[in-house]
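Shown next, in C-alpha cells, is the structure this report addresses.
So that you can tell them apart, the chains are marked A, B and C in the order they are listed, and the count of residues begins at 1 in each.
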C-alpha cells in the first residue's frame, strides 16, 4: 500500500497538523504499538499512558496535546474517534484503488467444498478442510489442520460506527483474522477481522455452530465455545476455558485461563480467577416465574 | 397477478359468502389498510375498530358480522385466521402458476459477490455491495449504498403457521422486504419478508452479525443492533435506538425512539420512553449463583 | 464399510482385549442398542444397567469388567470415552479410504436452489424444496414435502471432543440426520448429525430461522421452535411443544409433550408435565435493574 503525507491526511480528516507535513505514513496502528511510519489516535485521556513513544503521528484532542512528552507529530481534532474512522476510509480506499490484493496462498492437501469463496491475500495452510458455502474475506490466515464447517463467515467487517450529526460513519476494518493450528469452526459461525490489529484464535480452539466472535477478540489455546455464544469486541479469553451455549461477553473484558461459563451467562466484568461461573436463573412454571419476579421486584 | 372472484374464494376457503359472488379481488391486505379490490380478515373482535371501511371483502366470524356498519362483502368462517392462511396459499399458488416473476432490476455500480443469489422481482439500487453466499428472496427492495455481508438471508418466509386438527397450516408470506439507503447488514443475518405488508429497515440502520428480524418488523432510521439479537414479528423499533447483543423482543411490541437496550435484555412490553433498559442478571461464581437463585425462589 | 477385527481395534485404540481377536465388527453402536457385529463403550458405571446383552464387544474400565455377566468380548481401557473417540476416527477413516459414498437419491419434484450442495448417501424425498445456499452433509435423509430455507446447514458434525493431555481428541460423528415429512426448516439453521444414532425431526416440525439442534436431538411431531433457540446434545423434545426464541436447553434432558417454553427460557432439568414454563426476568430501566440485582444479591 502506498503512503500518504501528514499534510494530505490532515486535509482529508479535517485536522490541524502540528509537525512535518511531508512525513509519509503507511497506515494506522493501535496506539500502544504504533511505529514511526504509522499514525495512531488517542480516543480519550485514559489511552495516553499506554501510547507508544515511537508513534509517527498521533490524532488527539487539543486539550491533550501538552501531555505528549516525546518527539512526534500531532493531528489535532475535536473528535479523534471520528477522525480515526474517516482515516480508515482513506486507507481502505487507497488499498482498493491500487488493487494490491494478491492471490491467496493455498497449502498442500487443502480441501475446499462447493460454493465456498476465499478472498485475496489469504493464507490457507496445509491440511485445511473448508466445507461448503463458507465465505472467507480477504486477509484471513488459517493454520494447518483447521476444519471450517459450512456456512461460516470468516474475516468479515467488525461492527464499528461512529455517531455523527449525519448518521453513522463507518470504521473500516483494516486488521485481519488469524486462526492457528488444529482449530475447528462449526457451521454458520461469524468471526470478524480486527479493526487495526488481528482477531486471533490460538491453537486447538474449538467452536460449535453459530458462534459469533467480534473484531479483535483473542481466544486462548484449547478453549471450547458452544453454540450461539457471542463475544463482543476486543475481549480476551484465556486458555483451556469452556464456554457453554448462549453466553454473552460484553466488550473489552478479560477472561482468564481455566474459566468455565455455564449456559446463558451474561458476563459484564472481567473474570481472572479460574472456576465455574453462571447467571443461573432457570425455567419454572410460568405462573410461578411471574410471581417470583413480582416478588423480587416489589421488595424494595 | 390475475384476480379471483369472491365466489371462487368462498369455495376454496370453505366460507359462506354474504355479498357479490362475481366481485374480483386481486389479493389480501392488512385489515387497517384494505382497499376495494382486496380482501382482509378480522382475527378477533379487537381488530374491528381499525378495520378499513373501504375493504372489498372481509373474512370474519359469524358472531361479528352484525358489527360491520359499512358496505362490503362478508366471508363467514368459524376460524378466520385459518381461512386467511388457506387464502394465502391460494394467492401464492396463483402467483406461481402464472409465473409472473419478472427479472430483478439491478442499479449502477452494484457489486455482487460469489455464490450469491437474487430472486425475481427484486430491486437492487445503485452502489449496493452484496458479499458472498448471500441469499435474496423474490420481492426484496434494497436502497442505494447498502452493504450486505456474507451468508445473510433476506426476504425469507416469516414463521407463521396456524394450528389445525391435522397439524400446522402454513401462512404463505405475500409481503416484501424493504431496506432503505445506507443500511449495513452483518454476516449470517436473517430478515424475513412481511406477511401482507412489508418488513422495513429505514435509512442508516446498522445490523451486526447473526441478527434475526421477523416478518413485518420495522426498524427506524439510525438504529444499530448488535449480534444475535432476535426481534419477533410485527415489532416496531424507533429511530436512534441502540440494541445490544442477545436481546430478545417479543412480538407486536413498540419500542420508541432513543431507546438503548443492554445485552441479553428480554423485552416483553412496549417501551415508549427514551432511556437505557436491561434485564441485568450478570454472571457470578456458579456456587453463589445457585445459592442466590435458591434464596430468591424460596423466600415466598 | 468393511470390517475390522477386535485384534486390530485393540491395537489402534491401545486397549487390552479379553476375548476373540479374530472377531470382525462393522462399526460402533450406542451401548443400549449394540448388536453382535458391533462394538460399544461404557463411559462410566451408570451406563452398565442399560448395556445391550448382545453387544459384540464392549470398551470399558478394568474396574467394571467383572460386572459384565453375559458372553461378550472386552476391550479394557483406562479412559473408555477417549478410546471411543479414537475408534470413531478409525471408522470414519476406513469409510473415507474405501470411498463407499454413493450418489444421493433424489425424489420426484424436488426443487434445489442455487449454490446448494447435497453430500453423498443422502435421500431427498418427493416434493422437497431446498432454497439457495443450503449445505446438506452426507447421510442426511429428508422426507416428503419438507422445505429447507436458505443458508441452513444440515447434518454437520456434532460438537464432541474429549480432553487429553495433548488437547482435544475429536469424536467423529458416524450417525445421521433424519427429517420426516412436512417439516419446515428456517433460514440459517444448524442441525448436527448424530454421534452414533441419528438426530431426528419427526413429522410436521417447524423451525424458525437460526435454530440450532445439536447431535442426537429428537424433536416430536408438530413441535414448533422459534428463532435462535439452541438445544444441546441428546435432548428429547416431545410432540406439540411450542418453544419460543432464544431458549436454551442443556444436554441429555427430556421435554415431554405439550410443553410451552417462553422466550429466553434456560432449561437445565427435564420437564415432563405439560404446561407453560419460563425464566421470566424482563427488562426494566437499567438503573432500577442494577438496584434490583444489588438487592437480591446482598440479602444473603
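Definition applied: a residue touches a chain if its C-beta (ideal position, glycine included) is under 8 Å from a C-beta of that chain, and two chains touch if they have at least 3 such contacts.
Bear in mind that the values here come from a model prediction, so they are computed numbers and not experimental data.
Looking at chain B and chain C, the chains in contact with each of them are A.
Interface chain A/chain B: under half of the residue numbers present appear on both copies, so the contact uses mostly different residues.
Between the two copies, chain A and chain C, the Cα superposition rotates by 120°, quoted to the nearest 5. Computed centre separation for the pair chain A/chain B is 32 angstrom, with centres defined by C-alpha atoms.
Counting partner chains per residue, chain C shows two or more touched chains at residues 115, 133, 151, 188, 210, 228, 246, 264, 280-282, 284, 292, 296. Interface residues of chain B, counted against chain A in their complex, comprise 113-115, 131-133, 149-151, 182, 184, 186-188, 203-204, 206, 208-210, 221-222, 224, 226-228, 244-246, 263-264, 280-287, 289-290, 292-293, 296-297, 299-300.
By the touch rule above, chain B contacts chain C in their complex via residues 115-117, 133-135, 137, 151-153, 156-157, 159, 161, 167-168, 170, 188, 190, 192, 210, 212, 214, 228, 230, 232, 246, 248, 250, 260-262, 264-269, 271, 275-282, 284, 291-292, 295-296.
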